[in-house]
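Below, chain A partners chain B and then partners chain C, in two separate complexes.
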Partner chain A sequence: MEHLQAVILGVPLTLLITFSSLLIGAVGGVPLVLGLRSRQIVLQVICRTLVDLLRGIPAVVWLFVIYFGVSIGAFQFEATTAAIVGLGLVSAAYMAEIYRGGISAVHSGQWEAGSALGVGRWATFSRIIGPQAFRVSVPSMTSYGISLIKDSSLASTIGVTEIVFLTTQDARSNAGGLTVYIIAALVYLALSIPLALLARRVDSVLRKKVSR
Partner chain B sequence: MNFLSDWSTWFPTLLDGLSLSLQITAISLIAGLPIGLLLALMASSRLQVVRVTSVALVEIGRGAPTLVVLQLFYFGLPSAGITLSSFVAACVALALTTAAYTSEILRAGLQAVPSGETEACQTLGVSPLDTLRFVILPQGLRIALPALMGFAIIIFQATSLCFTIAVPELLSQAYSIGSSTFNYLSVLALAGLMYAVITIPASWLVGGMEKKMSRHLAHVH
Partner chain C sequence: MAVSTLPKQMVSLRGVSKSYGDKVVFRSVDLDVAAGEVTAMIGPSGAGKSTLLRCINMLEHPDAGEITIGGKTIAAGKSTSLKEIEALRRKAGMVFQHFNLFPHMSVLQNVSFAQQRVLKRSKAEADKRSRALLDRVGLADFADSYPARCSGGQQQRIAIARALAMDPEVMLFDEPTSALDPEVGLEVLAVMKELAKEGMTMIVVTHEMAFARDVSDRLVVMADGAIIEQGDPHKIMSDPEHPRTKLFLRAVVGR
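Now for the complex of A and B:
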């Protein structure tokens, strides 16, 4: 029981990191996907490189770069902020790829219909293609969000006192041993299962809207 | 170009780390894939006990962060009387993670083989084991291949977590250079590029393979 108490104190920070970086990712993915689909080659290449690097380099390395590497004058990121910024950037790259998939799932005839009716390219995107693409993207976004709960554990490596940090601490000081790690694993399961159920509900509601 | 001379000094050390990361990746995949296949086959067993066991193992393996699994094997197991070296603990933990994740990929691959083929084998009197070995597996594995390679990239990235249990892989080497020179940004940038040099071309390969394998779907809309 005492081990569970030790571990559960980390839940708020785990959730804070997960949701903040998911939000940064969901918002930051939009300009990235616009860049990926841009007709300007320079912009396209910059965004492609950015997305590939963010996804290709392990997230821990990004956290280390931001936490240990970035110091502008006397300014340095605080550990929790560094974790949120790092995971947020990585999420933005993944979200951009998810959005790209969603946009290409909308039939290209709709773009042609838009231009035939004299609707501008931007208006076609923001009023017609975008909303449909978003609905298509929701399942992938939620499953990314669930994996982000687990990825938030990386924050423990830079000293954020979330679940894994407290688990390791308990294992070392209170001889928590095997038990405390199993408890930690179960806590992560307990966090992700409700989210998975919620995701399934949201998806089925959105699906009904599309099929109507 | 001061950082270039730094980089050339650090490069051999980091290369040692990278080779260790690649070794851990290879061992985890070689040890984990057969277990993953076993779990995938168990999931379609006729015995409910076997099915439930497989699903439970897979869900726990995928639901717990890799960091927790790693630390469980390194810091947790000694309390149960089993002490593993950090390298062995890393390989065991990542092999089991591989097993849990790939079992889902393999299951999907095996299910993609039309069930009529199994029925045809039954009708022709081919034994269930031979059906699996000569008919289902060759096709199912081929379907699963791009996803499996994608997972190999993920597990290679996950080896960077092994620095938490003191395995001297790429990130550990970079971090220890950083902490002795205080030049974190530069050395981490080099380490990051070394990861990217492997993962980005590998992901192009996976993308190309996916495209090639879905070629037959191109005309169906």
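Now for the complex of A and C:
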């Protein structure tokens, strides 16, 4: 049981990293997707490059770059902050793509209805297309969120004392062996399954309201 | 209907052309619609009727020509600002084949949204007008429902109320009953007849021959990218001049 105790001590940081970077991603994905869909070619190319770099380079590399690479004068990221920023940026790129899919899933007649009523492009996007696109995006977002719970373990590589870091430490020092890792696996399941259930519930509620 | 000797032109198209790449949809079309006039546009599929209608409020940008609605003119080819296009669109209400209601808004919000956003009416003002219009199309009890809960015919009547809420000078109908069961279509046609009687200027692209014959003041027949015949609906229906019109009418009426 002392193994379980050791592993559980990592839960708060795992959750903090997961939800903070998910939030950064959900918010940061919005300007990125606007850039991707922009008619300004320069903006479009910048955002496309950014998204491709963030998605194409392994998240663990980003964490190293941010933790060890970025030091402006006396400024140095603390490990947890570096993990949140790194995973947050990567999440923003994935979210932008999820949103893009959601936006193109909204029927073009919705844009036309907005235009025909004289509603401006921005208001049509923010009040008509956006909310519908968001609803379409919810399942993909939650499934990304669930995989982010696991990906937050990458933070252990830069010394953040989340679940995997503490598990490894316990396995080494207290001769926990495989048992500790199995306990860690069960803790991850206990975190992700409720989230999956909640996501399914939210999705079916939203679907009921807009189904046609 | 009181028709003066020189009716005011509400909509006029001059030399309007549209192509998609090599495919010419229509070439150099002229059309005049007087205030209070109901014009029905019929013709075989692919004749360009819907595209022409969508050019009138610039949902499709014509390649050439001039479009005037209620004194506001836009010429194709010249760089036109979005502001000008929006000003033109404000004069025209549009009803789509597939309704295009906003599924995430209640029926009331559907009708009120653009009033608040575009006409800057207060929420109370907009809702009051919306309820009056919903009542007029027979759907006062549906204000708080969502579109998904309404039948196709009801959704189309809501869409008509939504367009009317903007106080348009002309209403454009793009095959408003084509996605509906014939029986359900009747309730939409009844609302449209009512509008016509009240003197609304209307341009209706339709396959409803009875509506075209009995309600419209003028029939426009389009085929192969041009207006091939136009005039009194009864006359054209009983005695078409153009052989293409004869062919088309035989297919839709004499079946």
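Keep in mind that, in the parts below, the second predicted complex is superposed on the first by the 211 of 212 C-alpha atoms of A that agree within 3 Å, B and C clash if a C-alpha of one lies under 4 Å from a C-alpha of the other, contacts with A are read in each partner's own complex, and residues count from 1 in each chain.
One rule holds in what follows: a residue touches a chain if its C-beta (ideal position, glycine included) is under 8 Å from a C-beta of that chain, and two chains touch if they have at least 3 such contacts.
Note that the coordinates shown come from a computational prediction; the quantities given were computed from them, not determined experimentally.
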Fit-or-clash call for chain B and chain C when the two complexes are aligned on chain A: fit
Contacts of A:200 with chain B and chain C, given as first, second, both or neither: neither
Greater chain A contact set [chain C / chain B]: B
Chain B versus chain C as contact partner of A:58, first or second or both or neither: first
Contacts of A:115 with chain B and chain C, given as first, second, both or neither: second
Which superposed partner A:132 touches (first chain B, second chain C, both, neither): second
First, second, both or neither for A:123, with chain B first and chain C second: second
Nearest-approach distance, in Å, of chain C Cα atoms to those of chain B in the combined model: 13
Interface residues, chain B side, partner chain A - complex: 59-60, 63-69, 71-72, 75-80, 157-158, 160-161, 163-164, 171, 174-175, 178, 184-185, 188-189, 191-193, 195-196, 199-200, 203
Chain B-facing residues of chain A, complex: 52-53, 55-62, 64-65, 68-70, 150-151, 153-154, 156-157, 164, 167-168, 171-172, 175, 177-178, 180-182, 184-185, 188-189, 192-193
Touch list for chain A against partner chain C, complex: 107, 109-110, 112-113, 115-121, 123, 127-128, 131-132, 135, 209-212
Interface residues, chain C side, partner chain A - complex: 57, 59, 82, 86, 89-90, 92-94, 96, 98, 100-104, 113-114, 117-118, 146-148, 162-163, 166
